[in-house]
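So, here's a batch of structures to check.
Shared chain: subunit A. Partners: subunit B in the first complex, subunit C in the second.
So, the complex of A and B:
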């Protein structure tokens, strides 16, 4: 089963995503900040990571770097409210960049797209 | 958008403002840029995007994290992207550090766009070249094997050739001993001088030793009454190459002054590389006894025909019927003497009548004294033969004698050698091409280095070095286009060299270089030396001769007479101060080369500076 890690500091939002993604048929793990996410990536094998940018303890960019240095190939989607905040590093390392909205359809579509691209390139 | 095959560049630079500026220059030059602000970021981005990144420009000093060389090392572990290092440092250790990694060059910061472009272009070329070299190394190894085969084939051929020439000498010796011992006076004249006399001929002339006659004019021994007629006969032999077989009665003058009546016939012959005639004589008085003459003729026939190791046939020219064959022919063809004598020559010669006619016409046209035929042997095989043919009278019958040489193996060996030589030539050209490319690369490196240098002396020294390297590069370029025989025509190389010098100095109308080169050929090794000498002397003139003049003219001439080659370089400038310049590296180089070539150099200050270098070329 496809395993996804959702990294989001707002608990309510995080659980909402997890529920919705479980309904789509994915196996979902959750992390509340960058630091926990990095720990989880060390011990688990994920098919995809969904990463928020603004978080306490360790922010998304730092976490992104740490996750990638553990696993160069891991697919990552940046999911953030800051539509203008696109760092060069994120653009060139993340597989996709999605702006938060009340509707999760765009995120779900991107997840499918990224996973499909990955299985194609394999 | 792609430039020089590079479209996306990963720029690794920790100082944000510098990074911005560098990215801006790169973008304005038409590249797409990804930026990384630390070594770690660079490794991660390269890890994610290595398929689309064409090149990495890597700062060496990257602040707190891993440095550029370490980042490069990590990146090269998992992918193969050309990396060019950027730094404001020029310390040797740092440069050395980058050299340990697969490096594609090194740029000092604050680069002007042209340096950047050249470096990127070169790094990319180098990268492609490295890839290609890897592939072509295998091909080269194979070529080497072929070359070895060529060499061993050549050696084999040489050994065979030596063996053949030994055999030839042997048969020559045998021929001499036969003729020498023949009871008929026989002598050979070339250029109307005695070149050879057999024993009987010496006796006829009343000489004891060869030295008394060899090299002497034959006409001294012919009675003056016959000189006109003899001249006619010699003319016929020399010019038409046809024998004079009608017996010519005349008197020889012996060394003691007495006269002796003889009858002579002559055949054209090539002796010691010269054309001449072999003359058979017989004393008329002594030959009055017919029985003796017949006996003499038979023993003559036996010694020339029966005992000869060359394959010989006697043929009736009318019917083509073979009249006789010698033991050597029996061995060669594999039929018995009786079998051969029942055959016609057309049963042995496999060419059609038309082909035979064509070959005979060709032989006349090429002034060959032999024909190329294909002869059939008893075992059914067909051999390529050279046939030497001429008329002969045996026991009153007019026949045609044919001496047959088997040249099948020689032809096969010649073909093989031709093919191998052609292959060798291709390999040599390829090597020249590569050398040329390498020299050009070196030259670009020197140019880069020169452009980056702030010290005018260093700058100039590097430009000069570059000029020298380029002059050799041009030579190799010409070599890779020309037929390889170790020599080259002067006007194939020097015009390009002069053009190159003109461009290198950016000469406008103020200095005119006039050059005249003839078509003479020089060994490529000498050509190298001359190329550098011309480069140095012309550069010197450009730099020093016209400092107080507005317009100048430099003349370069290379020409040759029968013995020597001459190189003239002169200018109409202010002339050289003896003390100055001569100590420079350029002039030292010239003097060394002049010495090496065993040439003579003259310098004069008349109306400017004039150099004349003359030398005897190696053969």
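So, the complex of A and C:
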């Protein structure tokens, strides 16, 4: 089963994402901030990371760097309410950048897209 | 005389001898005494004797007295040398006579020695006065020259004969009211007057003096004595120093270059004959390869020269301020000399004396322009004077121009000192010209930097606003997303027919919480963007448009977007907050720039339509998709990936608060336009 790590500080959102993605058939882990995410990545192998930017303790950009330095092949989708980081050079290293909205379809589609691309390149 | 005296003496005693002889005869001949003839003879003798006695008395005594009184008269009249009459006989009259003669000799000796002494002193004084370094001038009561000393004559190059008997007003030309009045006053009152710094102009020369005027009375007639000290040199030096100071000050005060150059030229000519009669400034135009006249100071004619110098004199102001008032009040600038110089052109290729002066970087003193091979015919005709000097204006290693000076009217020879002084002023002029160009370009640079700085500050402000807005957007987006997600979830749950009340309740709770959160954020945002405090005054929206454009000018250039600006004239003023309007325009224009993109066009237009003042911003972008048009001014609406979505909402709020309207629409031929209208009150 595809293992996804959802990194998001907003509890209700995070829990909902986890729920919705589980309904999609993914195995979902949750992390509330960048630090926890990095820890989890150390001990687990994930097929995809959904990463928020604004988080306490360690933000998404820093976490991104740390995760990639561990495993530079891991697919990452940045999922954030910030719309203006899209052209930030840090986010170019992610596979996708999706702006949050009340509609999860965009995120779900992006997840499928990224996973497909990855499996193709493998 | 002696013979006569002897004869007279003999004749005097003759009757006595006859009488005695007759007595002897009578005695001898025993002639009876009562002989009538004998008696008669005796009486006759007696009568003759008496007659002789008295006539002798008259002759000698009266005559002697007459002589005495004549001699006394002589003495009175000053004829001390008396005719030497010998009185015969003695007597006290004779003594008196001798004494009078002696007195005469004595007086003669006295006066001779006095005269010698007077002559001696007179000669000494004459020598002193004559050759003194002071100037002496004596006039009589009719103001005719009685005496001038050598110094005076040689200074003004008069001969004594030329001056003698001339009226003083013919000697000193020009207006010398102060001097004439003082002479009058001294003549009347007798008390002396001292005048200072009086310029006198005689025989084509002018000098500055301190004058002491006093009165002497000689044989009942008044004579006015003027003793003058020539202070020309001292005055000149004082003047030159103060002028140099003044010019340096005006350079420091950063006055217009023309004014500085004009005061330099005026200093060179100095207006009262201390310097040159005329001065001209020529500048080198590298592009055109020619030297052209830029400025000139000097009279057009001799009469004008005297008139000006006299007029300046009469103003009774000190030399330094004379320069400034001189150039303001005199009509010299409009004169023929000035216009002749300013319209003159000499190509560099002509190699004329000015060009030579500039290339050699050395003053050129021409003594005789008619015969000097270095002076070409054209320039000779132009300058029309025998002696002149040309001094280059040197800055760095090249010449910026030339100053030419001459003494056309009083023909004073140009001394080395004059040339040295002229060189100092030329240096000043060159320096000021250089400084001025440097200063101007410096100023330009500074202005550019200043405007860039303010543009930077403004755009940074806007960037900050952008960042804050982005943050706010983020703050709002999160709760919105959550709310939406949970609402959907609830609907899904209901749709699936699942009766999971807990799940639905949880969803509703989350929504409620997020709504509260959102409300809090919104009130924070609105606090943040508090726009209630407007400062409303009457402004022209053209001013707002120009101000805004100036801020964005650099941005337009950088992004290679053309700005097309049409501002209508005479628009009514709008009661508005200038900065808020500026913010609206900034927003609209920046949006238009984003829409038009590189090589695009942004139009900014103001005008009056249907009694409404409007401004419009139009772009050449893709236009607005129809479904977005109603939403445009809603808060947080944005089509940009890095936009904020607050801009247009804020704009709308500002415009509405001003009682105006804002609307957006697509143009006919592509692109969009945003129009803001204000009703005219």
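Please note the rule applied: the second predicted complex is superposed on the first by the 118 of 122 C-alpha atoms of A that agree within 3 Å, B and C clash if a C-alpha of one lies under 4 Å from a C-alpha of the other, contacts with A are read in each partner's own complex, and residues count from 1 in each chain.
As a working rule, a residue touches a chain if its C-beta (ideal position, glycine included) is under 8 Å from a C-beta of that chain, and two chains touch if they have at least 3 such contacts.
All values reported here derive from a predicted model rather than from experimental measurement.
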Would you check which partner chain A:69 touches, where first means subunit B only, second means subunit C only, and both and neither mean what they say?
first
First (subunit B), second (subunit C), both or neither touched by A:93
first
If you stack the two complexes on chain A, which partner ends up touching A:81: first (subunit B), second (subunit C), both, or neither?
second
As a test of reading the superposition: which chain, subunit B or subunit C, is in touch with more residues of subunit A?
C
Between subunit B (first) and subunit C (second), which, if any, makes contact with A:13: first, second, both or neither?
second
I'd like to check the shared interface: which positions of subunit A are touched by both subunit B and subunit C across the two complexes?
none
How about subunit A: which of its residues touch subunit C in the complex?
10, 12-13, 16, 19-20, 54, 80-84, 86-87, 99-104
Spell out the residues on subunit B that touch subunit A in their complex, using ranges where they run on.
34-37, 40-41, 43-45, 47-49, 78
In the complex with subunit B, residue positions of subunit A that touch it
65, 68-69, 72, 88-89, 92-93
For a test of understanding, state which residues of subunit C touch subunit A in their complex under the given definition.
470, 473-475, 477-478, 480-489, 510, 513-514, 638, 641-643
